[in-house]
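To keep things clear, I will list the structure first and then write my remarks on it.
Residue numbering begins at 1 within each chain, and the chains themselves are lettered A, B, C and D in the order written.
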Amino acid sequence: MQRIFGLIKDRVGALLADGTVDRVIGWEKGEFLYDHTPAIFNAEDDLVDLVYDGFCASNLSKYLIDESKKDGKILALLKPCDTYNFNQLIKEHRINRDNVYVLGIECRGMLDIDKIRALGIKGIEKVEEQGDELYIQTIYGDKTCKRNEVLLEKCINCKGKEHVAYDELVTSGEDIPQVESNRFEDVEKLEAMTSDERFAFWRGELSKCIRCNACRNVCPICSCVECVFDNKDSVVASKANTDEFEENLFHIIRAFHVAGRCTDCGECSRVCPQGIPLHLLNRKIIKDINEFYGEYQAGQDTNSLGPLTDFTKEDVEPSIITEKGGEK
Amino acid sequence: MIFSYYPGCTLKTKAKELDEYARKSAKVLGITLEELPDWQCCGAVYPLAQDEIATRLSSVRALVSAKDVDRDLVTLCSACHHVIKRVNHDMETNEDIRTKVNNYLELDEDYRGETNVVHYLELLRDVIGFDELRKKVINPLKGKKIGAYYGCLLLRPSKTMEFDNPENPTIMEDFIRAIGGDPVIYPYRNECCGGYIALNKKELTQERCNSIVASAIEKDADMLITACPLCMYNLDINSTEQKLPVYYFTELLAEALGVK
Amino acid sequence: MYTAEREMTENVLRISNVNTRKCMKCGKCSGACPAFDKMDIHPHQFVSMVEKGDIEGLMNSKTLWSCLSCFACVERCPRNVEPAKLIEAVRLSVIRKQGENRLKADDIPVLLDDELPQQAIVSAFRKFSK
Amino acid sequence: MQKIGVFVCWCGSNIAATVDVKAVVDAVSHEPGVVYATDYQYMCSEGGQSQIRQAIKDFGLTGIVVCSCSPRMHESTFRKTAISAGLNPYMVEIANIREQCSWIHKDREDATEKAIILARTAVAKLNLNRPLTPGESPVVKRALVIGGGIAGIQSALDIAEAGYEVDIVEKSPTIGGKMAQLDKTFPTLDCAACILTPKMVDAASNENINLYTYSEVEDVSGFVGNFTVKIRKKARSINADICSGCGVCTEKCPSRKAKDEFNMGLSNRGAIYIPFAQAIPNVPVIDREQCIKFKTGKCGLCEMNCPAGAIDFKQQDELVERQYGAIIVATGFKPISLENFDEFSYSQCPDVITSLELERIMNAAGPTKGKLLRPSDNTPPRTMVFVQCVGSRDTSGCGKTYCSKICCMYTAKHAMLIKEKYPDIDVHVFYIDVRTPGKNFDEFYRRAVEEYGVNYIKGMVGKVAERNGKLLVQGSDLLADDQIIIEADMVVLATAIEPDESARNLATMLTASIDTNDFFTEAHPKLRPVESPTAGVYLSGVCQGPKDIPETVAQASAAAAKVIGLLAKDKLRSNPCVASSNEMLCNGCSTCENVCPYGAISYVSKEIRSAGKMEVRRVAEVNEAICQGCGACTVVCPSGAMDLKGFTNKQIMAEVDAICR
């Protein structure tokens, strides 16, 4: 991890120095060692604050909507999974591609601090990453654990180490282990429930919502000029003030708004302070789309029509959807 | 490949060749037929009545024991196949019958028609493939003009049996070609031989069989093959006007494969 | 229809699960039936008589003991009526009554020959006795 | 605040018998905005309409709700009433308390409650209505006819006669369709070719008619008055401009393996061929699948022998794009496949044939030059059996549930023609019912029986089996209560007909609806039988349902009359209920553009002042002349920037709220 960070820093410095780019968006150290924060670096000297390690999960592509409209060229550090959102936003004409220099960076999967703590590792002072091992200094002494035991949910279901968009790649040349997983496993469990059980499950989860809007604000797809929930003329907004609406429907409406566009980046669940598994709503829709219209990955490219905005004669008949979506 | 196997009563007694040659041939073809433990008679006729539960139970027991070992169930006799396949269809689609049968059997887990019922001919066609079978033949039955006799139970009702075109089937003809013979297509190959009526209305069976055999002879058949002991009996014994030798298809299969 | 008649008809319809009203009287069942000549009431009439409620007449018919259960009528009916199921239902209405078995164990030995497969005996027993 | 008047119609007893109309008036009069409510026996009558006009004047109404029948029935009536009282027609809302309420409910209390809900829903929506003004769109004065059979030809001729241009697109190499294959026509027994070919010639020589044969419609966009259609002219491999139609090439072609489609596969044709002598255009076509030159690169005999040098092996498909004001669908039919009916041995015995095959055998230009001979051995038959309803009226899943309508008559025709020409042949017809409603139809059938001695047997055939070169036809004789076996030499199956396979694809292109059998659906089964529900699309012939030639021709002319009525207009009033985009909310994501079936949305860069600063944004713009108001854009727009005038999101939500209250 140290090695790749060094390579990235050198390359970013060089590109700033030779005038290829005017600004850089990356991560700087946050308040705690595990909450690195997106930051803009305007000069080579500022790069002392740049970090890149297992706690740089946040997806920077969303910031490019605004940043790419400003004068000058911005360099964006994008992990493989972030580039899917980058592509999707290009497809939706939200990012000015000409103003962005994508430095595709290698990623070994990001870490989940809660999972580290769950292993009984508390009072963390420093985390050192060496290959697949983590060496953790705590106030109670040194501990170690395996990297793949403490990966974020979104990294367990990693889309792969290939970038789908970049101007230049920085890699260490080391082999990156792939995690075998079935991302639809949890969705299948939900599908196997009766509708009453499912309703109870979601009521339980969604009732935890405090409407902090973190999921919406972090979502690279949920980036409307003005969100329907903020628009008092939209009818939806006024509904949001009535009883129980928030926990019942806010997330479901949001899932429908991003349907066919969600890349399954998992940021919504990662940032939820209440730990609601919001990604399951999106994945259910992704799974249905795959089954009804054939495999589709949003953000794979910048020009295909999404399955929900493309009408073909082979499209599944509504009766089939009703049948499959109905009571199991 | 291992399949559960349901021989049926007659194959253990009067129709031993149907069974014995089927097993020998399967072995050559790389298929293991594992006889179901403690199987009972399928009941011989499919209970057409909705309210007949007891007469469906023995078929369900066979189906459940195949499900328990997670294997497809191979049948050989047309009548057994007809009964077991249709009872399975009931268990899959008829909620009333399913509930009653399950209530009676008190299984650990309800049976809902999960087992796939496969006739030996379907095994040859769909699992082994007639082209593959042809490659394994060492004594091709060259120059033999063979009329396939399907009868009714294999084919009908086609929506449940899903076996072949009910009025113009081809599976046995393809089989005959695969073992090197010349299939003879004659129009009465899917007309009923009279079946169990042989017991109480022999003259009706004789009429049926005479017209079937005459039809095959008119088209130059040297012999007939069948997949059902009762058809075999009727065509053989109850054809009173003209005669043709009648064989189980498995006997010719074993001969072609050199294991007779 | 009298109550007793109606009850018998309903019973036959329930056992068979056949909707006789689907019949369009085309006669294809009777055109296909291989046992037509041995029947006094032919398959298409059988359907009509059930519809009319004349179960009594059907219970006394030769047809019950001539049907081969070959399903030619079922297979070829353009309206999915399934006459064979009606014949079975009426046959059951007869043999389910006490003393109405048409084939008894004692009858069997004289019918046997060396080649006769068990299957024939079991089948006939199932069809003609309870 | 609106001032709303509510008018509850009794529709005689249609509504009033099930709905307590007074209770509806009473309940709705307390709704917000409602200043007047009343009921009347026939709201659509002159008396009812004048009440509405009076109330608009007396109470200064800004909008009206009429609780009556389906808007499809009388919305335009009440809109006209509103206009005559000086009210904008889009300030009229209809609450359908007949079709969706009184007709489907039995319980008066339930129906009344539902009627009240429907009425207050309409009021809730009307409170948010704004006056709308329709725009105008021009009409392209040209029609397209898809299908060149008798239906298409007749429609085209009538439109052309009225002075409008019309194009016929026909997928086969010649116009003429199924009728060209027929021998004689019932009930007059005149020769099909004698009455059809003059029409074909008329169509070809009419200067207003343009034929695209061997061509297919590939794409349709646009809307009534202004369709844009892409037509693929498949490569004939012949330069039609210089071909003289001499036919030398077809004689020289050494390939003879292809089954002749025109003769129903009963004879073979060359790889280069003219379908039949009277084909129009009289230009051959090369079947590239069969042509030795195309398969092996060698041969070219046709090219060497063509006196005009018209053979062009390199010819490519050509794509033509044309504008039309109206489209007539006349895609016709085909007999069903008989694979589910092998009990009749069609696939096993060559002497079991379909009725259309018999037409070819009876035809002087057919494979036997009009002599009735068995296909198996070319001998004349002694006994013939006709089987009716093969695959028709079949609910078992093997055939078609409907009656094919023409079989009874053509079978009587065949029987009579055979008896006329060969009195010694025994002709038997198995029938379930003989259906002959039509002018001189029953007389015709009875003539076959009484004068010609055709033996009609009530019953169906159960099995056809071949024995010693004869066909044993085993069937029921229901009237004699017998099972009979007829030893026949030929069996003719009256095969059910179904829509041509192109119908489904075409319906999708036209956004026209089809039923479960793929027949095109008419806008109203009684009152608009030749129009598709899609504006500007009309139906002609069997594509809409089974029918015989006179009916087809009648429908073809009716469809043509509708088209002429449309083309006679210079402008069409366009629907003002179109989409519009709120540029303040638009993300510029192009999703709406992608789903718009009419291509009505485009994107522009625009300076937008937002949150106090100016910025250039990419925003959607709707072309109101093209938008058809389908609303697809409004549902996909993630930010809610797209809305539909007359059916705004707010209005829909207000309706939902009113229902859920």
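The rule we apply is simple: a residue touches a chain if its C-beta (ideal position, glycine included) is under 8 Å from a C-beta of that chain, and two chains touch if they have at least 3 such contacts.
Note that the structure is a prediction, hence the values are computed from the model and not measured.
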| item | value |
| --- | --- |
| Chain-contact steps, minimal, separating chain C from chain B | 1 |
| Chain closest to the middle [Cα centroid of all protein chains] | D |
| Selected interface, B-D versus C-D, where C-beta contact pairs are more numerous | C-D |
| Intercentroid distance (Cα basis), chain D paired with chain B, Å | 48 |
| Rounded Å distance, chain A centre to chain C centre (Cα mean) | 69 |
| Intercentroid distance (Cα basis), chain B paired with chain A, Å | 58 |
| Interface hub residues of chain B, defined as touching at least two other chains | 166-167, 191 |
| Residues of chain D engaged with two or more neighbouring chains | 343, 397, 463 |
| Junction residues of chain C - those touching two or more other chains | 72 |
| Which chain pairs touch, all of them | A-D, B-C, B-D, C-D |
| Chain C residues within the chain B interface of the complex | 14-17, 34-35, 38, 65-66, 68-72, 74-75, 84-85, 88-89, 92, 102-103, 111, 113, 115-124, 126-128 |
| Complex contact set, residues of chain B against chain C | 8-10, 13-15, 41, 43-45, 47-52, 55, 77, 79, 152-153, 155-158, 166-167, 191-192, 194-201, 204, 208, 229-230, 232-233, 236-237 |
| Chain B-facing residues of chain D, complex | 339, 341-343, 345, 347-348, 397, 463-468, 472 |
| In the complex, chain A residues that touch chain D | 69, 92-94, 223-228, 231, 233-236, 257-258, 261, 305-306, 308-311, 313 |
| Chain D to chain C touching residues, read off their complex | 343, 389, 393-399, 432, 458-463, 474-476, 478, 481, 483 |
